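You will see two complexes here that share chain A, one where it goes with chain B and one where it goes with chain C.
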Partner chain A sequence: MKSDGTLPKIAVHGLTGCAGELLVILENLGTVLPYVQVASFPFAQSKNDIKDVDIAFVEGSVSQEHDIEVLNKIRSHSKWLVAVGNCAVHGCVQSSTCAKFTPQEMVESVYGKDSAIKALEAKPLSSYVEVDVSLSGCPIDKNQFLAVLASLLKDHLPYIIERPVCLECKMRENGCVLIEKNLPCLGPVTAAGCGALCPSFDAACYGCFGPCKDPQLDAMTLILQEKGYNLSDVLVRLGTFGIPEAVLSNLDVRR
Partner chain B sequence: MSDDKDEVKKHTIEIPEITRVEGHSAVQIEIANGKVQNVMLDVFEGTRFFEKIVLGHNYEEIPHITSRVCAICSTGHVLAAAFAIEKIFGIECDELTTIFRRVMHLGMFIESHSTHIYALALPDFVGATDLLDFASRFKDEFSNWTQLRNLGTQIQSVIGGRPFHPVNLHVGGLSSIPGKDKLASLITQLEAARPLALDTCQLLMRFKPPIERTSEPVFMALIPVDGKYGYFGNKILSSHGFMADVSEYKQYLNEKAVWYSHAKRSSIEGASLFVGAMARLYLFNDILKGEASNIYTSSPLAKGDHNSIWNNLAQSIEIVQAIDECIELLRVLLERYQDAKAVNKSNLKMKPGAAVGAVECPRGTLYHFYELNNEGQIVAADMVTPSAQNTARIEMDIKETVEQFADYESADLQKSLETLVRAYDPCNTCATHMVSVSYT
Partner chain C sequence: MQTTGKVYAPVKVSDLSYSFKAVETHSDIAFEALRTILPPKKFFFPQEETIVMCDGDQISEVVEVPTPFVVFGVHPCDLAGLLALDKIFLSAPLDSHYQRRRRAAVIVGLSCLPDKHCFCRSMGTDTPNKGYDLFLTDLGEEFYVQIKSQAGLEVIQACSTFVQSVNNDDNDSYKDFWSERDKLFERTFDSSKLPNLMDMGWNDPVWDQLAERCLSCGNCTPVCPTCYCFDMVDVAMFNTQKMEAKRDRVWDSCQFSGFAAVAGGENFRPGPIDRLKFWYRHKLHGFDDAIEIPSCVGCGRCTVSCPAGIDDLPGVVLTLLQKTNMKDAVQ
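Then we have the complex of A and B:
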C-alpha cells in the first residue's frame, strides 16, 4: 500500500517472444493481486493504462521497430523496469550465435524476395533502454519472480543469484551428469535459478537461464572436448541460449 | 446508405491489437457501399525465424529450441520435433514412453484450453472488464480456472519437469522416469478436477453465439493413430474427404505469403481451413468415449451448428476427454511401472535424412520438417503452426460477420468481432483489445 492509500501499479508487457513470462505472471496473478493494481496487461485484460506505473515487467526481445516504440513508452512511464525472461535479458534463442543471418536474409528466406516485412536483429532490452532489474530464465522461475516483486514493492533492489547451476545441483545432492554420465551439461557456465532442473531429470543443462557471472567458457569447452564432443557442436551449444557473441569470441579455441 | 454511385460510402474498421502477442497483430476491414471489400488479418507470428535459427544445431538441441516458439503449446513443439527426428532415424519409442508422452500432451491440453476458456474468452461473455474485476466478481470461475490450469501444469511438471519448456522430453524418450507416487497423486488430482471440467462444458453451452454462421467451414485434423480420440497421427483428414500423409503437407497446405502479414495463408483445394478443437470433434466425434461423448451429443455441435464461437465449447469437451484419458493412461503406467525405461542415448542410431513430424496441438495441426546431415546437424527446417492455417478462415468469418451488421459503428459489432477472433484461440495472447472504427 502506498502513502496515499492506493496499491502500487504494475504493468506486464510482451515484445517478441513466446509469451512464457506473460504466462508465468498470469498463472501467479492470484498471489499478487492483493498487493498490486494491474494497470496494464494487454495479454489478459481489456482496460490498460501505462501511465505512472510503479513496476513494469517486460518480456521478449526487441525484434522490430514496433517493439522499440512500445519499450520506450513503457520506460518513460515506469519507475522500475524489470526485464523478465532470457529474451528480454540476453536475447535467447533468437539471438543464438549459431547460424548468423542478417534480418534481411531471414525475411527473404521465409517470406520471399519482394517481402515488405521489416525485422531487426533480436536484442535484449538493455540495448535500447536502461533496465533496473534483469531476471533471466526460459521461462522465469515463479519464486524468483515473486521475490523480485516483493523486493521492489519495498523499494529494494532484489538479490538475483548469478552463480552457476552447479550450486543448486549440489544442494539437491544430484550426481554430476557431466562427470559421471558424460552428458554435455552446461551447468558450470549457466546462471542458477531453475533449481538445477535438467540434471535432476538425468539430463544435461542446456543453458536456458543464460550465462552465470564470469562464465568459465574455456574450461567448459575443454572438458566437453575431453568427453568426446566435437568442437563445432560444443560452440553451437554454448551459444544457443543467449551468451553474447563477444563473450564466445574470446574463447581460446576461437582466438 | 446512399444509392448515388458518385458518393461511394467507405468505411474502415480497425482492430489495432489482436494477436497471439499483444500489439503484434491487427485487423483491417474495408467496406464500400455496404459490401466488405477486404479483410486483412495481420499476424506477426512468423517474425522469429525459427526455421533459420535451428540451422547448424545438433538434433539433440532441436526439441529444446523449438519449444521456444510458443510457451503454452511448447510440449506440442517438442513432440513434433522429436517425431520428425525419430522418423529420420527410423525409430519408434516403446509403448510406455508413448504413454508418458500422451499424458504430458494431455496436460498441455488441459492447461491451454482452460487458460483460453477462462482467462481469455470468458470475460467477453460475462462482461468483465479487467483481471481484478474478473477475479473479484467471478470468484467461482476464477477458481475453476486456477484449479484446472494447476492440474495441467502439475501433469506437465511431473512428467516434463516444469509447466512448459519441458526438460525431460527428448528425441528417443524421457531422460528420467517420474516417481510412482507422483503419478499416483496425479490421478487423485484429475479425479478432483473432473467435476469442474463438466461444469465448464455446461457453462459454455449457455452462451449463445452473438452472430449466425453463414458458410460451413472446411475442417481438418490428424487421424488418430490408434483409432481412439487423440492427438498423435501421420495422416490428415478434411471434412470434404481429403486425405493425405503429413509428409505431403507442403503440397496440400498451399501456403502463400501475403503482403500485409507475417503469417502465411493456407488453404486446402482452394477452401480456407478451420483447424483445432471444433475440427477434431467434427471429424472424430464417433470415437469419443464416456462423458465427453455424452456432452458432445447434447451440444449444438452435434446438431450441426458450426458457429466458430462453439470452439470454446469444443475445447471444454476436450478437457473432459483429456482428464478421462489421463486417468486411464496413468493407471496403465502404474500397473506396468517397472517396465518403464528412460532413453538410452547409446542406442540411438543417428542417420542423415529428412522427415515431417506432426501433432494435434490445442489450436490445431502442427507440422515440423527437418533435414539432417551426417553429423546429425540440421541443414533445413520448416514449421507450420495451427494459427497460420486458421488465418484465412478467420478473415472469411470476419467478412461474414461484418456483412450481417447494418451499423458499422455499433458497439455490438466491435464486441462480436473480438469475441469471434478470440474463439479461434489464435495462439495464446490474442486477448482483450480495443476495436476502433474509423471513416475514410
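Then we have the complex of A and C:
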C-alpha cells in the first residue's frame, strides 16, 4: 500500500518473444493481486494504461521498430523496469550469437522478397534502455518472479542467484550427468534459479537461464570436446539461449 | 535404531552415486556405499535454512527443535569431517542451529574398504577414534560393535537379541580387518609435510595447468565434509495474508567469482586460479593454525565430483612432493 492509500501499479508487456513469461506471470497473478493494481497487461486484460507505473515487467527481445517505441514508452512511465526471460535479458534464441543468417535473409525466406515486414537484429532490452533488474530463464521461475516483485514493492533490489546450476544440483544430490553419463551438461556455466531441473531428471542442462556470473567457457568447451562433442556443436549449445557477446568473445577458440 | 528416531543411511541414487536418505528397513540401505554425494554435514548444516522470519514489524529467529534421529553408515573420514565442523560451529560464537541438530543425532559409524581415491590413511583420519555413538566393523558374517556413548548403549540394549559379547577370536578378526585395510591404500604421503609443501609449491606451474581446466562450478565444496562457507540472503516473499521476508542461510562456495568480491568492485580472488589455489591451500595447509586440524579428511569426494578432473588431491600432493624434493627429504 502506498502513502496515498492506493496499491502500487504494475505493467506486464511482451515484445518479440513466445509469451512464456507472460504466462508465468498470469498463472501467478492470484498471489500478487492483493498487493498490486494491474495497470497494463495487454496479454490478460483489454483495458490498459501504461502511465505512472511503479514496476514494469517486459519480456521478449527488441526485434522490430515497434518494439523500440513500446519499450521507450514503458521505460519513461515506470519507476522500475524488470527484464524478464532470456529474450529480454540476453536476446535468446533469435539473437545473433548462434544465428547463422542475417535478419534480412530470415525476413526474405519467411515473408518473401518484397515484404513490408522490417526486422531488426534481435537484441536485449538493455541495448536500448536502462534496465533496473534482469531476471533470466526460459521461461522464468515463478518463485524468482514472486521474490523480485515482493522485493521491489519494498523498494529493495532483489537478490537473484548468479551462481551456476551445479550448486543447486549438488544441493539436491543428483548424480552428475556430465561425469556419470557424459552428457553435454552446461550446468557449470549456466545461471541457477531453476533448482537444477533438467539434471534432476537425468537430462543435461542446456543453458536456458543464460550464463552464470563469470562463466568459464574455455574450460567448458575443452571438457565437452574431450568427451567427444565437436566444437561447433558446443558453441551453438552455449549460445542457444543468448549470451552477451562480450562473454562469448573472451573464448579462446573464438579469438 | 528406529526406537531412537528416524534413520538415515546411504541409498543408491544413480549409477555411481549414493546419498544419505531416510530408510525404513535394512534392505533400503546400500551397505556397499563408499562415499555419498554429500557428506553427513547436511544433517547439521543444511543446504538451505531460514534463520530469521519477518512479518510486518515482527522479526523472529527461527528456532527449530529437531527430534532425535540416527545417521547410519558414517565412515571414519566422515566422522573426522564432523569433528572438524564441530570445532567451527561449536566454538565461540556458537551456532545454536548446528548445535541443536548435532545434539539430536545418534551417529552409527561403519567400516569401509578404500578405493583408489581414498587417502584418509595419509590424512590420519582412517581410524574411528571418536565422533560416533556406535561403530560397526564389518567382519563378514557379523559386525564388531564399539559403543562410545549412552545413546549408543541404548540402541544396543534395544536390540540385545542380536548382540553377543566378543571373544578373543572376534578381537583377532577385528585387528586383522583394520591391518589388512591399511594395506589397501594405493597412494600415501606424510601429511605433516603439507603446510610446508603448500608454501613451497605456491608458485608451481601445476596450478596454472589445473586452473586452465577449472570450471569454477563449485562442485568441490558442497561435497567436502569440512567446507562450511555460506551466504545469507534476504528474500522478500508473499504470504497468504501478510507480506513477509525471510533471511536464509545458503551454502556458498569459494570457487564462485563473487565469493571474494567486496563493495567498490574489488575482488581478492578474481580468476579461477586464485580460487582453486585458495581452496587447495585451505584443504591441505589446514585452517591456517586457527584450529590445529587438517581441513581435508581424505574422503576423495572432490576427486570424483570434479567434472574437470582437477581435484585429485593425493596426485597433486605427490607431484609437488616430487618437484620440491621433499619426498625423500623427511621420512
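Operating definition for what follows: the second predicted complex is superposed on the first by the 251 of 255 C-alpha atoms of A that agree within 3 Å, B and C clash if a C-alpha of one lies under 4 Å from a C-alpha of the other, contacts with A are read in each partner's own complex, and residues count from 1 in each chain.
Just so we're on the same page, contacts are C-beta pairs under 8 Å (C-beta built on N, C-alpha and C of every residue); 3 or more make two chains touch, one makes a residue touch a chain.
Just so it is clear, the model here is predicted, and its values are computed rather than measured.
Colleague: Using the superposition on chain A described above, determine whether A:37 touches chain B (first), chain C (second), both, or neither.
Modeller: First partner only.
Colleague: For A:113 in the superposed arrangement: first (chain B), second (chain C), both or neither?
Modeller: neither
Colleague: Tell me which touches more residues of chain A here: chain C or chain B.
Modeller: B
Colleague: Using the touch definition from the top, say if A:214 reaches chain B (first), chain C (second), both or neither.
Modeller: second
Colleague: List the residues of chain A that touch chain B in one complex and chain C in the other.
Modeller: 202
Colleague: Tell me, which parts of chain A touch chain B in their complex?
Modeller: 13-20, 22-24, 26-27, 29-30, 33, 37-38, 41-47, 60, 63-64, 66, 70, 92-94, 96, 98-99, 101, 105-106, 109-112, 115-117, 119, 122, 138-139, 194, 197-198, 200-203, 206, 208, 230, 233, 236-237, 240
Colleague: Can you name the residues of chain B that touch chain A in the complex?
Modeller: Listed in rising order, the residues of chain B that touch chain A are 17, 20-24, 44, 46-53, 55-58, 61, 64-65, 68-72, 74, 115, 119-120, 123, 129-132, 134-135, 142, 146, 149, 153, 161-165, 167-168, 170, 175-176, 257, 259, 262, 264, 342, 375, 377, 427-429, 431-434.
Colleague: Contact residues on chain C for chain A in the complex?
Modeller: Residue list for chain C touching chain A: 13-17, 19, 36-38, 47-48, 212-219, 222-223, 233-238, 243, 245, 251-253, 256-258, 272, 304-305, 307-308.
Colleague: Under the stated contact criterion, what part of chain A meets chain C in this complex?
Modeller: Touch list, chain A to chain C: 31-32, 35, 146-147, 149-151, 153-154, 156, 158-159, 162-164, 166-167, 170-171, 173-176, 178-181, 187-189, 202, 213-214, 216, 218-220, 222-223.
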